[in-house]
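As structure tokens, here come the structures.
One chain, chain A, appears in both complexes that follow, with chain B as partner in the first and chain C in the second.
On to the complex of A and B.
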């Protein structure tokens, strides 16, 4: 989408796809944590209150189940929402040229430069422009979601899609891969939400469709509120 | 283009505090979703149930009667199987081999009940496959017994019927689709490893379905029926997906 310097625009399609993905990812992670807690693969559990899958005490009383059944129902419903919204997002990004225009080029040198600048709080932000760290993060999270689908399919269908399970190193290994990419997505979301809080106008752009920086020359901190 | 800017440290701290606050708010949103009132609501449950029904159809479509579950070597077989039922191991039903009968019902021509000796005398197919629990744990086990499809043909079952259902001595009940029932790795297991099926693991009869999750493998089976009405399942009655193929 063409824009003026310091202006950020998101099409309605991109916004719908973004927010549906956000909802789907929250459903998948919340229910995934409840499923994980039933038989943890690492020596820790997620706190019950943050997991999704109904009242586990009620489920234990009525069904002798820890709410895993409900969490699985959420997980296998959420996957369709994620599939469609992710598909829409990628298709939109490719067809409108948004990915090529805004998320490329991306070189290791630029990434290193911007990463160091960000780590030392010297990286500025201009609406509508993506620095190399952001570009890498967006490609990374899209890759992680794609890997969640693949490792999830390997866990769901280790017989019918046995070749896929084999690629991930077998059924138990596929569960670990699924967990690791979940962790990557959670890490992305934490940074993503934190940065939106730092530059709230990006939130405005992703909801209302457009936001602009105040005239140039202002320090980033003063640029919003 | 990126600009190098300096930010007042006090301002930065304020902004970071706000970021933390917002993080807290979004965590709150997640916990709202997980709150019992919303997710146990009838409308939400009805929607989830409907999608689960759709997932049954997707899985039936993905299923191939010819695709086999991976077979493992003898060394991969777990030394001890994991006990699993909806009650603790000390409550396992003790089945008397002498008085046991496998009852047959529904769309089956020869409904003569079967004794343990008769079941043991049937030709056995051996499999070393991975038992996958819906909870995520799994192990490789060895089971042997007559393929269910061979048995159904032998007793003159209507193979065009849609389902095969099972009743168990402990009150458990399950059912599978006919294509899965006719799969070569769906067997009427009477042996685990080189032993007669132990009491803890379903003596005298467990239906081993290598293409389904563990809970679709009923143990202590006392009756079997062929039907066109989808048989209910113990765990699918409690919110789990009915088809549960793997």
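On to the complex of A and C.
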């Protein structure tokens, strides 16, 4: 919901959906790491202190595991929150026209140009305007969340949804897919938070609904299209 | 279920024995442990966990002295250096059976409940059905996390049949509708590498004795080769 150049607006629905998604993703990643640690698929484990599932020694008194049962409960709770908030976000994007107004068009040429500009610190940012790299990343993270849902369903119900598990190449392969898209979402979040730290007014816009800024840097990319 | 004991440094070997096993073997091992305690005055604490949880607990490590599980789990533990060197002790095979609830046997069950092909399950239910001779292909399958959930669902819905090990059907008092003509699950026992009990080997020897073998056989297991 952008209006004038240098102004960024987010509707209440978009803000609620955004922060609910942020909370849900943090819950799901933290609990997912604890679940992963129970049976790792790669030769490493996540440090216990950054996982979600409660005190692992206390957990042995209730479920005789290191908090895996707790983590699964968190994971499913986060799943419903993410499902509804992601649905709300997509609904908002479609109804308000945010998706095609702000995130389209997107061409490989524009992405390459803005990516090179970003890598050489020549890509400016203006509130309310999305460069091609941002557009690609937002589409990418939405695709990753959708794939997380599908691969998660394949892991959750590999008998009832055997066809879906088969599409992913079986249960072990579905776990790998789930892990890889989780990694993509974590990478997106790191870049996302870093850029918010660089342009704090985006945080204000996503929290209070509106922020205004003046252009800065050398703007190339979407702002000039 | 009591809390799983934590691994800790002991100045001298512990007199009691901590036995880990998969759900299928809980009932017969509890009877064997009772007999062993009666004859030796050595306490035995039994903890059950599905294969992945069992491996995770021993790996972390929780205190464990003896482990009895399917041969695949024992192989995984041995490969990870979690068992004392040497061959594991075979205990015989646990056949697969289709169970029905206490009500009238359904002539045409509405669905077959079986364990999911996940790391949390004792076995892959669909693979077992496919290995049966002739292969069984029920119209509707319901996958659940492991065999205790299979037994619970069958007990609560007279229209269902479930796939479990013979020992679990025996322990749960559920009627065996048919024994599958499929390779039974080979069960084995082993000594945990960092076990702390002075009586670990004695308990394992008792499990494999004629008296222990008789209990396992009465619970539904085939005699060891």
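Note that in this section the second predicted complex is superposed on the first by the 209 of 225 C-alpha atoms of A that agree within 3 Å, B and C clash if a C-alpha of one lies under 4 Å from a C-alpha of the other, contacts with A are read in each partner's own complex, and residues count from 1 in each chain.
Criterion: a contact is a pair of C-beta atoms (placed from the backbone, for glycine too) under 8 Å apart; a residue touches a chain by one contact, two chains touch by 3 or more.
Because the structure is predicted, anything quoted here is derived from the model rather than measured.
Taken together in the superposed arrangement on chain A, chain B and chain C clash. With both complexes superposed, B is the one of chain B and chain C in contact with more chain A residues. Residue contacts after overlaying the shared chain place A:107 against neither chain B nor chain C.
In the superposition on chain A, contact of A:171 is made with both chain B and chain C.
In the superposition on chain A, A:162 makes contact with both chain B and chain C. When both complexes are overlaid on chain A, the residue A:183 reaches neither chain B nor chain C. Legend: residue contacts after superposition of the two complexes on their common chain; A:61 is shown touching chain C, with no touch to chain B.
Looking at the shared chain after the overlay, A:51 reaches chain B, while chain C stays out of its contact range. In the superposition on chain A, the residues of chain A contacted by chain B and by chain C overlap at 38-39, 64-65, 68, 155, 157-160, 162, 171. Chain C makes touch with chain A in their complex at residues 1-4, 6, 47-49, 52-53, 55-57, 60, 62, 114, 116-119, 125-126, 141-143. Within the complex, the chain A residues that touch chain B are 26-27, 30, 35-36, 38-39, 41, 49-55, 58-59, 62-65, 68-70, 72-74, 76-77, 80, 114, 117, 121-124, 126, 129, 131, 155-162, 171-172, 175, 190, 193-194, 196-198, 219-222.
Put simply, chain B touches chain A in their complex at residues 1-8, 11-12, 15, 18-19, 22-23, 26-27, 29-31, 33-34, 36, 39-40, 47-49, 51-52, 55, 62-64, 67-70, 86-87, 130, 132-138, 210-211, 235, 238-241, 245-246.
On the chain A side of its complex with chain C, the touching residues are 37-39, 57, 60-61, 64-66, 68, 155, 157-160, 162, 165, 170-171.
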